[in-house]
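Sharing a structure here in structure tokens format.
Letters are used for the chains, namely A, B, C, D and E, taken in the order the chains are written, and counting of residues starts over at 1 for each.
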Amino acid sequence: MHKVKSSSHLRTFIFIGFILFLISNRVDELRVYQGIQVAVYVVGISSLILLTGYSGQVSLGHGALLAIGGYSAAVAKNIYQIPTPLTFVVAVLITAFAGAILGIAAARLSGPYLAGTTLTLAIAIPSIANQFKVFGGEQGLLFDVGFPPLSLGEDFTQYKWFFWIAAACALISTWFVKNILGSRYGRTWRAIRSNDVAAELSGISIARSKILAFTISAGVAGLAGALLAMSISTVSPSAFPLALSFSLLTGAVLSGLSTLSGVIIGSVILVAIPELADVVAHRIGSSEAVVTNLPGFMVSALLILTILLAPNGPVEQMRAHKAHKAHKT
Amino acid sequence: AQAREVGVSATEIKFGMTVPMTGSASLGYNKIPGAVKAYFDYLNENGGVNGRNLKLVVKDDRYVPMEAISKTLELILKDKVMALLAPLGTSNNIAIASSVNPGRRGIPVLFVNTGFSGFANQKKYPTTYAILPSYIMEAKIMGAYIKENFAGKKLGLLYQDDDFGSDALAGFKQAGIEFAVKVPYASGSQGTATAPGWITKLQAGGAEVVVLFGVTTASIFALSVAAALKFAPQWILGSVGGDATTIKLAGVPAGILFNAVGSSFAPATTDTTDEYVKLFSEIYAKAVPGSAFDNNVMVGMNTAFITAQAVKAAGANPTRKSLMAAINAKGANFASAGLVPLNFSSTSRVGYNGFWFGKYSSAGDLKPVDGKYVVYTTDSGAGAVVKSTYKRPAMPAKGLPN
Amino acid sequence: MFQFINTILIGITTGSIYSLMAIAIVLIWRSTRVINFAQAGLALFSTYIGYEVVSRIDSFWIALPVAMLGGALISAVIELALMRPLLRHTNSGPIAAVAPIIATLGLLGIVRAITAFIWGGQDVVIKAPLSNIGFSIGEQTLVFSPMKAAIIISVLILVIALTLVFQKTNLGLSLRASAFSPEIARLSGIRVDLIRTLGWSLSGAVGAVAGLLQVANSSGSISPDSVDFAVLLAAGFITAVIGGLDSLVGAVISGLIYGIILSFVLVYVSSGLYFITPLVILIVILILRPQGIFGMKASRRA
Amino acid sequence: MSLQVLDLSVDHGAIRALRGVSFSVESGQLAAVIGANGAGKTTLLRTLSALNKASQGSASWKDTNLLHSKTEQLVRRGISHVSEGKAVIPELSVLENLDLGAIWRGNKSESKKTRDEIIQIFPRLGERLSQRAGTLSGGERQMLAIGRSLMSKPELLLLDEPSLGLAPLVVEQIFQTIRDLTTSMGLTVVLVEQNAMGALKIADVGVVLNLGKVVAHDSAKVLINDPAVRAAYLGY
Amino acid sequence: MSTNSPILQVRGVSISFGGLCALNDVYLELGKNEVVGLIGPNGAGKTTLFNVLCGLIRPDSGSLEIDGKKHNWPNTDELVGLGIARTLQGVGLFGDLTVLENVMIGAQRFAKSGLISAAFGRNNKDEKALREKSRAALERVYALGLAHRRADTLSYPDTKRVAIARALVSEPKILMLDEPAGGLAEQDIEWMNSLIRNLSAQMSVLLVEHHMDVVMSVCSKLYVLNFGEVIASGGAEKVRRDPAVMAAYLGTSV
């Protein structure tokens, strides 16, 4: 696929970080908040690309993992008074652990069976919150990361603070994921996906690799969940609906499952489309029914178009296109 | 002229609302914006408020906090609304309050559309105004009513297995009510697969009086299955799930509702003798032809009506501050369709704090027993339940703010 | 005791409808190796078609075949216009497993939106053709009414009919061959494209029945966001998976098992567990049989 | 002239696999197509049964244009193709795989008769009717693939390396069978083979492909004795 | 019989699928640097025996000795660790990986760096080492030129080269080849023969093949399976003339 010079990656990532920092000072609060959402999606989608795109395990219930992450962070903070930075670590660890357990089951399941299990997981997990009072039922729990340090200045808004945290986390986790995917682990997962017997004959333990993939992916998803919780300052069952899982999968496809490079594209689209669709809908929308349902329609249509026109995501599409051109000349 | 408030122009005042317009949570609620707009348009046709039109910007949050927040931010930062109006859903409102934090921004959040009592907490939510009586109030009051009318009967309860339900349980506990059969249902599970289970349980438990303290769809399924199983206890319907119009529209035979006890703070949507119902339903029929005039519409239009009075009371050049000041000062005396008092004051953010009880006619309409409304009021705390003597003031001319 | 019987009856009727949904999913899986997440959406759409008929000529039993026809047509169109080109160029790499899922999810969104465009967001009601009042035994009443009887009978008829078709004709074999290996199927003279379209339309018709019976079984109201149909989406898929995705019998039996277990949990344990039970059922069964109850193990040989 | 191939060219994207191939086979004849790996043999057969698209030229069988029809139609016109590398459906049983070949006839009793005849030829298949094809041995799968295509009672049989992975003894049998089918049933056969010697021995005519071009097209006898061909393809 | 002590030895291997007995009391010995051929009619049990040795199938009975040490049947993923590498009858490359990556998978047993260092991108040295090993292996099968092609774009003979390279790179003591010459034309067969011959300098080779000329030109010893039983074994020439073998397998010609 593509070789990884992680040192140069590191530089790129730091550069991106700097750009983001500059941007965050220029745009208004709404954009900053959407920036946070993008960051959350970037983390969530990269986790899904690792699991589905590389190790070939389809998850329809990634939202459930985000939920576990979010609730772990909130519980850690509210009930065990763990210092905020650590709550993110806790979220990652606990979700990774949950992922490992899931992975053990998942390793035995093929395609649709895994999809079915993860789907039901996404349906079940949020409703558990109402079964145990620690999770605060329908209202959920508050998750307050606290105000930005005064050293950053008076006019430094809450959301800018959130954005910095989210962006930093996103950059770091993406860097990790990118390295792992470029390493022999990523290679192994792709090998298993394409021919498991041959992989096993080459000394790869299929079950172990798949479980590892699930664990790592879950850990990353846990981080995404914690970030999401931070961005909405709460966790509640309705924050992790089935729709979230589907959005993540959608984003993964929009980004291109087979490479991490497009992850930002998918995330931005996920955040931008609903707003754009809203605008368009109000432009052309005649009746109430149209105005309310057009956005949903457009998002779905876009989805189908992408899968029809650029099934491997825009990045791969461009790469293929270039290759094709090169060939012609 | 001095600098105008955000969202206030020479010709119009903008309000913003987040509400599920699509998705499973949207059923019924997606009529509220239409209702509010219907009243605003009527108002604007009649000159608006001090020459300004009231405008509502609606955003679909699909009942997801993350979206509720971004939509709210859009309303505040992009659409530049003066105030948030009737944002819906407990968890969404909590998320908005703690993340967007309108309190710190000094943005009024008028008449949040939830029965969660917490929003009356002025310290926590300095700019938020509740309007619906809390679930706890309702349960306490219903408890008192049961004690008075059905003492010694075997009681059954259907409730939602979340905060809505746990508030109810808390309220009934305070009222000292013991249920022989308690049937919880997971929110979103009410349907063909579950309802028969509820009823067989209630039947097996031998309940003589059954309280339906769930959402409307739950009542609908419970009632129709009960009919199928020839289970006919004394029904008592909570205000959330007791909307006669919706229930009948869903195909539940009117006969089943006959003599069931219903409670509400607003007049029954089917009671066309009520001046508000009469006016509102006329307005709504013109604005949204073909759509039924149900409780959500009623409450929506009533909210719009109260909002209009608040704006009027806020003076010639209303600001966010003056708007809230106006509600604090005059809110308790605003005219409204509600048959129970409003309790706004500089120290209280509680809206309606009571209920009236009536019975469903053979046509399935909720009517006050022999014509007169029995109104009870209480609070969300340990306060007692009292029979109120509150008499609703007459509707201002043409239902416009005076 | 009586509650016990009723609990079983509840399970059977709801379960039988899930079975239909599962069958619809199995049919498409068999013919194209695609899990159709739009199934519930299509079922809803067909149900609305049925509603149009009922509201015009007020006959449920005419609405049923019309809806089936409608469902069949729509599904056929979808297969031709969307799935065929899609599968043609997403048949390799990681996308292969995900593309159909995404496509059908997108389809679900589109169908829902179109439904809302046409019929609006509010409830409409289809009156059940038969009484839903349960039969009585002395003092007590069964959760079993003429309507429910009719439902179970129609499900039975449909299942038997399908099984016969699959046995008597070679349709079953053709479907599976076309799914497993289109090229070899073609080389055997099977009109693969036709067969696949057929698979989809059959499933569309079955879905329509599921939809209408579902409505007849419940209070009768439908809306684009109907909870009952959201449930169908999940329940149908889950039961299909439990059944092993490849066998009609599997779909039926797992549907019933699922329905009965669920109703027992709801009545005897706690209604709060509604969303958690399916997960438990699924995990338990898949741990015992990773390929579902009636699914066959992929034999792995170098 | 029954099978007519004229100036046929086929591309796989950038790669041109066949370049202006022309040859013809009388009905009732057995033609052997030989050539090195990558010569284009498989591509040729796949194009003749409409699995690959031709970029130019023509190919016809009797009055059927092979290039402008669908594979399944061709099968129904009596053209059957055993594709390279054990073309069976692993998930189906041996019996189902066989029946597949005659499914389009929709005549169960007749297909049962044909099945028995085929089992005569490959007794091993008869012993394994209920076994999943995926668990068959390499050779057994090859037998099954050939059996399936015979089920459709073809007039023109396109065989792509039928001897692949078969034991010498069986190879002999198969070649013999093919020969017999041709002579007895008047079947026309195009036989692609790596085992050039074996193929030419039983063939009437031979076609030698190299890098997508026909380098020799003559009666099998002539080719066997052609020193160039011997050197290049018969290994001595 | 091979003079040196056997590096691989199996005894009394039996397995049956349902009623059918695929292997019955099969024995086999592989000496150091020996090339042993496993031949027999279709469905005789050759691939099954391979699968048993590779842990893809558990036999009903039978024992395994490697380097004279008793061993219970290995799991498939433990093989390379035991110094056994195998190619598949149907090639089995990783289609969407490059040729180099394909081979690197085989080389992974030599990888040192763990997940953490991978995550921090501290595995470059390690990767480089793997890449070098893999290039060397490709060199040996004259396929280095293909290193950056996607595996599924290769021509058939090339896939066979790469498959062998992937097996070689794990530096096995025992190399198992399932029909290495299957589907190859004369020229490529020549090449395959010579490759196998000079491989035997570093390792022992066990191969299944139907091409008798390949078998005869590379194998010093033959085992003949028929209906899951060893019907003949020993020096290639001797076995070849064995009438039973002729009847069951070779037939009159060849």
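Going forward, a contact is a pair of C-beta atoms (placed from the backbone, for glycine too) under 8 Å apart; a residue touches a chain by one contact, two chains touch by 3 or more.
Given the structure is predicted, the values throughout are model-derived calculations rather than measurements.
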Set of chains adjacent to chain A and to chain B: C
Chain whose Cα centroid lies at the greatest distance from that of chain A: D
Centre-to-centre distance between chain E and chain C (centres being mean Cα positions), rounded to whole Å: 48
Mean-CA-position distance for chain E and chain D (Å): 30
Between chain E and chain A, distance of the C-alpha-averaged centres to the nearest whole Å: 43
Whole-Å gap separating chain B and chain C, where each centre is the average of the chain's CA atoms: 37
Per-residue overlap in chain D, given as positions that touch at least 2 other chains: 135
Residues within chain B bordering two or more other chains: 21-23, 30, 161, 186
Chain E residues counted as touching two or more neighbouring chains: 47, 54, 56, 86, 88-90, 92, 95-96
Residues of chain C touching chain A in the complex: 29, 35, 82, 85-86, 89-90, 93-95, 97-99, 101-103, 105-110, 112-114, 116-117, 120-121, 224, 234, 237-238, 241, 245, 272-276, 278-279, 282-283, 286-287, 290-292, 298, 300, 302
In the complex with chain C, residue positions of chain D that touch it: 49, 51, 70-72, 75-76, 80-81, 83, 87-92, 96, 99-101, 103-104, 106, 132, 134-135, 148-149, 152
Chain D residues within the chain E interface of the complex: 35-38, 85-86, 124, 135-140, 142-143, 161, 164-172, 194, 196, 232-235
Chain B residues touching chain A - in the complex, by the definition given at the top: 21-23, 25, 30, 34, 59-60, 62-67, 69-70, 73-74, 77-78, 89-92, 94-95, 98-99, 101, 116, 118, 161-164, 166, 186-187, 288
Chain B contact footprint on chain C (complex, rising order): 2-3, 6-7, 10, 14, 116, 121-123, 125, 127, 132-134, 136, 141, 143, 145, 214, 217-221, 223-228, 230-231, 235, 259, 262-263, 266-267, 270-275
